[in-house]
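Please see the structure below; I have some questions.
Read from first to last, the chains carry the letters A, B, C and D; within each, the first residue is number 1.
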Amino acid sequence: MAMVCLSDFEAYAKKYLPKIAWDYFAAGADDCSTRDENILAYKRIRFRPRMLRDVSVVDIRTKILGFEISFPVGIAPTGFHQLAWPDGEKSTARAARAMDTCYIASTYSTCTLEEISAAAPGGLCWFQLYIHRNRTASQQLVRRAEALGFQGLVLTADLPYTGKRRDDVRNGFRLPPHMKVKNLEGAFEVCKMSLLDPSVTWNDIYWLRSLTRLPIIIKGILTREDAELAVQHGVQGIIVSNHGGRQLDEGPATIDALVEVVEAVRGRVEVYVDGGIRKGSDVLKALALGAKCVFIGRPALWGLAYKGEEGLQDVLRILQDEFRLSMALAG
Amino acid sequence: MAMVCLSDFEAYAKKYLPKIAWDYFAAGADDCSTRDENILAYKRIRFRPRMLRDVSVVDIRTKILGFEISFPVGIAPTGFHQLAWPDGEKSTARAARAMDTCYIASTYSTCTLEEISAAAPGGLCWFQLYIHRNRTASQQLVRRAEALGFQGLVLTADLPYTGKRRDDVRNGFRLPPHMKVKNLEGAFEVCKMSLLDPSVTWNDIYWLRSLTRLPIIIKGILTREDAELAVQHGVQGIIVSNHGGRQLDEGPATIDALVEVVEAVRGRVEVYVDGGIRKGSDVLKALALGAKCVFIGRPALWGLAYKGEEGLQDVLRILQDEFRLSMALAG
Amino acid sequence: MAMVCLSDFEAYAKKYLPKIAWDYFAAGADDCSTRDENILAYKRIRFRPRMLRDVSVVDIRTKILGFEISFPVGIAPTGFHQLAWPDGEKSTARAARAMDTCYIASTYSTCTLEEISAAAPGGLCWFQLYIHRNRTASQQLVRRAEALGFQGLVLTADLPYTGKRRDDVRNGFRLPPHMKVKNLEGAFEVCKMSLLDPSVTWNDIYWLRSLTRLPIIIKGILTREDAELAVQHGVQGIIVSNHGGRQLDEGPATIDALVEVVEAVRGRVEVYVDGGIRKGSDVLKALALGAKCVFIGRPALWGLAYKGEEGLQDVLRILQDEFRLSMALAG
Amino acid sequence: MAMVCLSDFEAYAKKYLPKIAWDYFAAGADDCSTRDENILAYKRIRFRPRMLRDVSVVDIRTKILGFEISFPVGIAPTGFHQLAWPDGEKSTARAARAMDTCYIASTYSTCTLEEISAAAPGGLCWFQLYIHRNRTASQQLVRRAEALGFQGLVLTADLPYTGKRRDDVRNGFRLPPHMKVKNLEGAFEVCKMSLLDPSVTWNDIYWLRSLTRLPIIIKGILTREDAELAVQHGVQGIIVSNHGGRQLDEGPATIDALVEVVEAVRGRVEVYVDGGIRKGSDVLKALALGAKCVFIGRPALWGLAYKGEEGLQDVLRILQDEFRLSMALAG
């Protein structure tokens, strides 16, 4: 079977992953409306292609927070990569470095920050964190990440509680016994989402700021009001995200929310977006609407499920080729 | 089979109820457009979720007409509960009391008001009535309800005649011989809808007012004009309802009608809504659009069909959990 | 099988009619978009139901051009009724008289005007005509109809040529040898549509006017411009029609066109509509939008196919009951 | 099987062509949204049919750039006709001449310009060209075409690179060994799209102008901005086209783009459109929106696949009959 577009990887993953893993990665909250809307919203956006421009050279390199990457597609934070491939996040980090782009490692990784960092030294890596009830644990994670050379901190803002993903409830989803949320092993006896602190507010950004010199990127913003608050509280970047449609169902598609966030931010910080990217032309649409870079979640997992590091590189390379072609054809 | 969301109860009921009972509960008028539109209209309403608010404590208790309930979901009046579960409305009343919410008992119950009242003493119960051609019969029902401690009267306004529900006509729907519309046994020899008085007008509210000190809630309002009339005629509450899409087909979805009713009422009386509630987030949408409380009809029957009192509690508990989570995730 | 709504008759006819006859009656032009749009457009129109009005007496009688009918649903002109029932148009005429409504007999009847007239003396019957290249033939038809007591002339304006109905072309549709277009037997050797005169213009209304004292109703108007022309040329009534979607595909649904025609006519002549009526509530919608009466085409044929005169009465009775109920429920 | 409408030819071609050929002709870029939207957009456009106009004579002849054709439907440039029929473009040229219309021969023909020209002497033929990296090759093609009597040059502007057609990638599409892109045999050793020059700009129109006295028609314009540029650079005609949805996916449907192009051009040059024409009424819509003529791509190939020259004539004749009928029925 030829792997021609991202849907081919999706079909492969659906066929070869254990059902419980596929369901976990695919899950959306409630009726999965927002998960699906993320994709549909891209299709509603139409190009106005221009002709007869010199497109013999198409430069797709860009910078995020000053770091140059080979094209404006990074890897969004998702958990439990060992469910997709034995080497887990180590493969992800290697693929990102090989493709010269940014990888946001999740707190809920099945490899430690140390392992991820060692797997791809010199790669551009950010660390995604939640704020835990146990603030000391969060503080330690931040310091570990900074010490290991991670170059950005991504604070997830949309998960005071976990969304209701019906299939996970039906499956009684939990990690297989041989996998661990290794980053949290020292800090907590049991890994439970309820360790997250639902009382976190904007003021906690100041606390986070006091812990580290790394740039702080906030992930999960969907409205102009919250975008304004994010800027006021001094973040360096915003990822417009609805957690892949896994949190509150029936909110906006991220590409639609991007428009109002970009408008509110007025260039004061960089804005990124994740959710629903399935083609190179989706990347172009996001950039045309003001994103500096996009991040892919599920497609990266499908790539891992296909052939680990190599499969993820395939996914990224396809997106890169499609993005370059879209730019040329759109003029 | 895990019962994770209300659709699971629907699937169960469809599978295990006798076809004639399922059809009766599921029936909508004519093409069932309005029945289905009730649900679809909720899906069209989108949240704008806000982040980083302290949602460690989420208070979902509320009051309707001064009575405190544990969360803003009550049980709408529907007929013939013995078709769903042997104990019929007695189970319904018990489940409502156990979950600390309001139950509106229908005139077309298969248990008497006395049985319902005795089944769950101390529970919050309203009585739903029609105005019959035989006004004495209606008067007696009102007095019985008041004497038994029912705390509200719900006048159904949208049934001068019964809507055309095709499946019921095809099935020749009638109650099995061992079930009776017990509340009307003394008053009428035969239970026929045609005993209802199609000449009822707004002035009959005054007549009803003269019979009782109970608050009067009018059910079946769909327009601003009728909402204004209801307020002028002195009702205490309005239930925006289209009878579950069982009366005039191709009228508005209730959640859409709610908006204009709330606007017309301007806070002078409480406004509730029923029809199409299938998730906790639907409850949140209705409240955000001005409803003080919602009522569920068919989902309550599915709960009864699943495990009687216990099944209905499951349904209510799921809605409660989903509602609380939606509030937290929406910020 | 219980015949509960018009779709039941449709299903029956589809099952029991010869395929060539079913296809002929069901056919729409080209992609059948307009045929289907006629129905869909009704579904998009929503009621605003009003409550607590005295609907104990609902009067559904009406008058068209001064003739009283039992309810505002007549029978549109359609051809070849013997394809549906052996007695053909004679059964149609009897059913219309029995239900006390108007029947528009088609030029393309398989019974003569004389037979139709004799089958239901005293019934309200209009005659539908085309203008033929052979004007004498048209003139003779008009005079025959007038002499036989037909009480209106319906001039079809939308058939200068026959629309392209793909299934009829595939089937090589033609009448079985034992059926004839009897009204034209004297006038033409062979019955071919091409005998119709495509050069007919508005001035020919004056010519028609000169032949008869009967009221002239023009059928096939879809725009305000043509409605104005029709009034100026002295017709007594307008039937908004797209020939059941059998002529130009992808024009407007008739219920949508009705609005602009009614607006243009400003009450100067009566306006009727056909196409897409499937429920009593459709009739109410058409009347609410300004039609004085509606006409049914295919549903009448389904009734004939079911049980001849009796089946057509069933269809009319169902529409009548549904219409009366809709009026009551809409307040 | 009767060939009644263009879909019949499509079904035939899908059934009888080799899969690799069918896929190549059917292919759209990426998700094929634009390919399908080309058709859907026509369905959204509605007629306002007028009645009682003298339509006994309907003249459908027209002129494009001064050349008279029998009706406003020409044959768009498409490649590799031998994939559909052994005689390839020779049959196409003959059918076009037989039906007295215009054929735009593609650079990627499987017959030489000389063969095409000789196959149908006296027919109206334009030549479609790309600008190659090797300008001399392009220049030679232009001179050959002019010398052979081609009467127009169609410059394709929307293919700096080939769009991503997934099925072609999966199939590893290439011409069978016995077919050649004969026009380029002298000029290039291997036929590869990458021979096209992606650095072409508007100024190259002047270069093209300097090579030939033939009228230049630019194909692939979708925006008012580019339409204005085309006029300013002195082209004689514009073909609104998205390459059958084979280049940038998710741009506008051509019939929608036509409106803005016609508006921008304000009659200064002729405007044509291709893409999505499936019925005679589509032609009428395009003309009503300002096109002087339409061109058909895939339907011509289906006609060839059916019966070569004769099949293509069938396709054109059906379109002609449908177009004439639509004109008459629309008044």
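Quick note on the criterion: a residue touches a chain if its C-beta (ideal position, glycine included) is under 8 Å from a C-beta of that chain, and two chains touch if they have at least 3 such contacts.
Predicted model only: the values in this text are computed from it and were never measured.
Among the remaining chains, the Cα-based centre furthest from that of chain B is the centre of D. At the interface between chain A and chain B, two copies of one sequence, fewer than half of the residue numbers in use appear on both sides, so the contact is built from largely different positions. Between chain A and chain C, the centres computed from C-alpha atoms are 62 Å apart. The geometric centre of chain A is 44 Å away from that of chain D, both derived from CA atoms.
Contacts from chain A toward chain B in the complex involve residues 30-31, 33, 157-158, 160-161, 163-164, 166, 169-170, 197-202, 204-205, 220-223, 225-226, 229, 242, 247-252. Chain C meets chain B in the complex at residues 2, 4-5, 43, 45-56, 279, 281, 322, 325-326, 328-330.
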